[in-house]
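Please find the structures below.
Both complexes below contain chain A, partnered by chain B and then by chain C.
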Partner chain A sequence: MELVFDKIGKRYKNKTALEDVSLDLNYGIYALLGPNGAGKSTMMNILACLLKQTEGRITLDGSDISAMGKEYRNILGYLPQDPGFYPNFRGYDIMMYFARLKNIKDPKDKTQKLLEFVNLADDSKRKYKEYSGGMKRRLGIAVSLLNDPKILILDEPTAGLDPKERIRFRNIISKIGSDKIIIIATHIVSDIETIADRVILLKDGKVIQNDSPSELVDHMRGKVWLTEMELTAAQDHVLEHTDSNIVKSGDKSYLKTVRDEKPFPDSYECEPRLEDVYTYYFDESGVNGDHADDKI
Partner chain B sequence: MKYELKKLLSSVQVIICLFLVAAFLVLFVFYSYKGRNTQSEDYAALMNEYSQKYTDENELSDALDAKLDELQERLYSEGDNVFAVEGEYGENLMADFLLVNRAKNYADYIYKDILTHRRRIIRDSLRQMEETSDSNLLIEYQKAVEKYNVVIDTEFTSTGDLEPVMNHFDFTAWDYAMIAFVIMLTVRMFTLDRESGAYKMVCSSYYGKGRTFVNQLSVCMLAGFAIIIVHTLCQLICGSIFYGLNRYSLPLQSYKYFEFCPFKMTLGEYLLIKTAGKLLLVMSVVSAAAMITCLFRKNIPSVVTAIVIVIGSMLVNNKLYLMANDQSGSIIESQRRFESVRTFLPACLLKPDEYFRSLDYICIFNTAVPRFVCTAVITALISIICTVISYRAFTALRRV
Partner chain C sequence: MIKYEIKKLLTLPHILLILLALAVGFTLSCYPRNIDHSYSKIVYKDYMEQLSGEYTADKKAFIQSEYERMEKIISEHDEMTEKYKNDIITLEEYDEHNFSYNEAQAKISTVEYLMEKCSYFDEIGGQCYFFYDTDWADLLSENGIDYIAAILIILMIAAVFSDEYSSGSRCMILTAYKGKVSASVCKLCISFIFAFIISACMGAVRFGGFCLQCGTEYNNMNVRDLIGYSAFSGMSLFKYYVCGVIFHSVIWAVCALFICLVSNIVKNGIFTVFISFVMIVCAALLKADRVTFFDLIFSGRLLALNPVDIFGYDRGSLKFVLFILVIAVKTAVYGFGCIYTWGRRRR
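Here is the complex of A and B:
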C-alpha cells in the first residue's frame, strides 16, 4: 500500500497552512512532528477527507482519495486532536454507534474485543462523562480501530495525558500491527521516539525533514553540547536562549545546547537524542538559522 | 436511527423541551375536562329518540316545536321551581328546555339554513357571473355554483361539540411553543456532534456525513411528528370523552362552524387533512432549522435565527388575521393581504380551518385551486429546498 502526497497545499484567505507537501508513505509508523500551528492538523484533516486541499492531490495506490469516497473511509481510522463523544452515552454505546457508522458486520463482538484491547471492558457500562482523560483517549483509539483500518491517523493522541497513560498509549500503538500506515501528529517527542519508523518534521506548513529517528539523531552529532555551569547562571542563560536547557546530574548542573558551533570554550559534545532534533529545527531564537532547506 | 434518537434524548435541552410539551398537553387535557359538556349524553338520547320516532324532517321539526312550546308553558307555570322539577331528558325542567331548544336549532340548521344559505350563494354567484368581466372572478363564481350546488347528507343526530375542543387544544400559545420546541430539537441534533467533538470521527466513518445527515433529519422529523400526533390523539380522546365528538363519518357541514365549507368531506377526513397539514409544517420547520444550523453551525445563533424567522412569520400571519377581522379601516385591503399571506406562509397550516370555512380558492392559469393545496405545495417546496441546502452545507468540505 502506498499513500502519496503530491505537492499538497492549503491556503486560507490570508494564511498558508500547507505548502508543497510531498510524501511517500508505506506500511509503518510515521511521526509528524512540529510545533503548534505548523500545519499538522490541517494535514490530518485533509488526509481524513474533512478538508479539501487547494493544491495537489493525495493518492492511495494511484487512486485519488477524494474520489474514493466510502472505499477510502472504509480503510481509514481517525482520532482527531480533541475527540469528544456524547456525555450521557455509555462507552459501549459509543462503540456500537460508531460500529454501525463504520458498517461493521459483527459490531458486538468487535466492540467487546476492542474494549478489552484498550483495557476498558470493565468500564464499558459507565457514562462517557465519567471517564478520565486517559480513558477517553483509549476509547477514541478503540473507536478509530473498529474497522481494522489500513490507514490510522492519530492527531495529538497523548495531549493532556499523564505519564502512565502515555506509556499505555505507546504500548497500544506498538501492538496494533505492522500492516498499517499509522500517522501520529504530535509535538511531544517522547511519545514517538521509540515507536516511529520515520519522523516527518513540519514547520510553517512545509516538510523540512523526513527520515528515520536514528538518522535524524545521527545528523545531530557535533551539534549537541554540554557545559557544566552554576545553576543560577544556567537558569539565566535558558531564559534568553531557547536552544538550551538545563540538565541536572547529582549535585552538578549542566547546560545542554543544540547549536552548530560550540557555545562555550569549555563545552563538550554529547550523545544527541530525538528531542535535540526538535530543539534544533524548531528553535525560535534564530541562533541556528532556518533549516527548512537542510537535507540529510 | 436508533442511536441518533438516543443522541437527541441524551441532551438536557431536549429533555426540557419534551417535559414542557408534556406539561402543555396535561394542561390542555385538564382544561378540556374542566369545560366538559355534562349534558352530551342527555342530548344524544333526546336526538336518538326523535330521529327514531320521526323519519320525515317536517314532522320532526313540528314535534320539536310542539315540545318546545309545551316546555315553555311548563316553565312559565312552575316559576321558580324549574330547577327543582325533574326533567324528562336532563336533570330538571330548565335542562330539558335547553336540550330541546338546542335540538330544534340543529334541526333548523340542517333542514333549513344550509339549503337557504346555499341557494342564496348560488343565486348571487349566477347574478355576479352575468355582471362581471374579470375572468378570475368568473372562475370563482363558477366554482361557487359548482361547489355549493350539492346535497349534503346531514343527519339529525348528536354531533358532539367541535368548537370547544378546538378552543381547548388549538390556540396560539401552543402553536408558538410547539414550533419553538421543534426548532430547538433540530438545532440540538445538528450541533451535538460539533459541540461534543465527535463530528470529525462521524464524518470520517464509512457512512460519513450523508447517512448521518439523513438519520439526524429523520429523527428530528419523527420527534416533531410525534408531538403533533400525541397532541392530535389527546384532542380526539378528550373530544370523544368530554364532548361526545365521535361521529367521524358525519359531513363536516354538520357543524355550523363549517357550514360554508365547499368540500364534500367528513369530520374524520378533515381531521386527517388538518393533521397532515401540521405534519407538513413540522417538516418545513425541521428542514429550515436544519438549514440554518448547517449554515451557522452554532447552537444559540441557530436557535435565535430560526425562531426569529419561523415565529416571525407566524406573528405576521396572526397580525394580518387580526387586521382582516378588524371592523375598522379598510377591511377588504386587509383581507386581501391576509389571503395572499395565507397562500405562501407555511405557518398558516397551523390554523387549517380558515381554508375550509369558506370558498377559499385562488386562480392559477385560469384554474381554481384550493388555497390549502397551494399552501401545502409551497410548504413542501420550502421543505425540499431547505433540505437540499442543508445537505449541501452539512456535507461540504469546510474548515473543521
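Here is the complex of A and C:
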C-alpha cells in the first residue's frame, strides 16, 4: 500500500496553511511533528477528505482518494483532537453506533474485542461523560479501529493525558502498527520518540524533514551542547534563548543548548535526543537560522 | 443506526420537555374557547334540543314561523309603547309584550342563524342533520400555528445536525463508511417522523381536552352539516379532525427538513432556532385571506391555514394535487440540500 501526497497545497484568503507537501508513505507509524499552527491538522483533514486542498492530490495505490468515496472511507480510521462523542451515551453505545456507521458485519463481537483491547471492557456500561481524559482517548482509538483501517489518522491523540495514559497509548499504537499506515500529528516529542518509524517535521505549512528518528537524531550530532552553569544564570539565559533548556543532575545544573556553533568556551558536546531535533528546527529565536532547506 | 439517532434525540431533558409540552397543551385545550358568534350559544343549544335530528320541511317551517313571530313582536314594540303611554293597553298587557319583546331580541340572531343553516342545508341537498355543532365548529375553525408544537419541534430538530457540528463529532461520522449519505438520510428520516409524531400528539392531546370539556356524542356526525364544510361529504367530524391533524403534521414534517437544512448551513444551534422561528412561526403570523404563491415558499404559511382553505372547493384556490406537489418538491429540495451540505468537504 502506497499513500502519496503529490504537491499538496492549501491556501486561505490571506494565509498559506500548506505549501507543496510531497510525501510517500508505506506501512508504518509516521509522526507529524510541528508546533501549533504548522499545518498538521490541515494536513490531517485533507487526508481524511474533510477539507479540500487548493493544489495537488493524494493517491492511494494510484487512485485519487477524493474520488474513492466509500471505498476509501472503508479503510480509513480517523480520530480528531476532540471527537465530540455523546456525553449521555455509554461507551458501549458509542462503539455500537460507530460500528453501524462503519458497516461492521459483527458489531457486538468487534466492539467487545476492541473494548478489551483498550482496557475499557469493565467501563463500557458507564456514560461517556463519566470517563476520564485517558478513557475518552482510548475509546476514541477503539472507535477509529472498528473497521480495522489500513490508514489510521490520529490528531493530537495524547493531548491532556497523564504520563501513565501516554504510555498506555504508545503501547496500543505499537501493537497495531505493523500492517497499517498510522499518521500521528503531535507536538509532543516523547509520544512518538519510541514508536515512530519516520518523523515528518512540518513548519509553516512546509515539510522540512522526513526521516527516521535515529537518522534525525544522528543529524544533530555536534549540535547539542552542555554547559555547567549556576542555576540563576541558566534561568536568565533560557528566558532569552529558546534553543536552550536547563538540565539538572544531582546538585549541578547544566544549560543544554541546541546550536550549530559552540555556545560557550566551556561547553561540550552531548548525546542528542529527538526532542533536541524539535528544539533545533522549531527554535523561534532564529539563532540557528531557517532549516527549511536542510536535507539530511 | 436509527436506534442510536433516536437515542441522541430523546435525551432525558428532551423527554421531560415533550411531556411538559403535552401537559400544557392538554391543560389549555380543557379551557372553553373564547370565540365570538353572531348568535347565542345558550339559545342555540335550547333550539337544538327541539330540532336535533334530520332536517325536514316541518323543522324549516317551524324556524320560519319563529322568525316571523319574533320579527312581528319586535316591529310592534314602538306601537305598543305608544298604546301604553296613551292608556290604550294596561300595564299587565304591556309587561306581557315587553317580556316577549326581550325574549325575541335575545333569540332573533340565533333564529336568523338557524335560517341561514336551513338555506345551507337546502343548497347542499341530501340528508342533513341538526345537532349542537358550535363546539365542533369552534374546534375545526381554529386557525393559526400551534405554538407549543412549534417551540418543541424547532428546539429539538435544530439539535439533530447542529449538535454534531458544535461537538465536532461530524468529522468522525463523515469519515465512516456510511457517514455521508446514510447518516444524513437517517437523521432526516428521524427528524421528519419526530416532527410528524409531535404534531400528531399535540392534535390528540387537544382532542382529548375537547372531549373532556364538550363530550363525544357528536363525534360521528357528518362534517358537511357544519356551514362551510359541504366539500367533505361523507366524512365524520372525528375523521375530518384527524385528517386536519395529519395535514398539519405533514407540513410540520416538511418544516423539520427545513430546520435540518438551516442547521447544516449555519452550523449553530442558536442561529438555527432563531432563523427557523422567523421563517416558520413569523411567516405563519402574516395572515392572508386566501392561499397565495407566498404560501408555497414558506411552510409556516401553510401551517396557519385551516385544511378547508386548501381543500374546500368553495373557498380554496389550491387543490389537493398542487398541495402534494408542493410538499414533494419541498421534501426533495430540503432533503437533498441537507445531504449535500452535510457531506461536502470544507474549502
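Things to note:
Heads up, the rule we're going with is that the second predicted complex is superposed on the first by the 295 of 296 C-alpha atoms of A that agree within 3 Å, B and C clash if a C-alpha of one lies under 4 Å from a C-alpha of the other, contacts with A are read in each partner's own complex, and residues count from 1 in each chain.
Simple rule for what comes next: a contact is a pair of C-beta atoms (placed from the backbone, for glycine too) under 8 Å apart; a residue touches a chain by one contact, two chains touch by 3 or more.
What you are looking at is a predicted structure, and each value in this text was computed from that prediction instead of being measured.
Aligning the shared chain A places chain B and chain C in steric conflict. In the overlay built on the shared chain, the residue A:Tyr97 is in contact with chain B and with chain C.
Contacts of A:Gly84 after superposition: both chain B and chain C are touched. In the overlay built on the shared chain, the residue A:Tyr254 is in contact with neither chain B nor chain C. In the superposition on chain A, A:Tyr280 makes contact with neither chain B nor chain C. Touched by chain B in one complex and by chain C in the other are residues 45, 48-52, 70, 73-74, 76, 78-80, 82-86, 88-89, 93, 96-98, 100-103, 143-144, 147 of chain A. Interface residues of chain B, counted against chain A in their complex, comprise 3, 6-7, 10, 192, 196-198, 200-208, 211-212, 397-400. The part of chain C that touches chain A in the complex is made up of residues 1, 4, 7-8, 11-12, 164, 166-180, 182-183, 345-347. Interface residues of chain A, counted against chain C in their complex, comprise 45, 48-52, 66, 70, 73-74, 76-80, 82-86, 88-89, 93, 96-98, 100-103, 143-144, 147. Note for the complex: chain A touches chain B at residues 12, 45, 48-52, 69-70, 73-74, 76, 78-80, 82-89, 93, 96-98, 100-103, 140, 143-144, 147.
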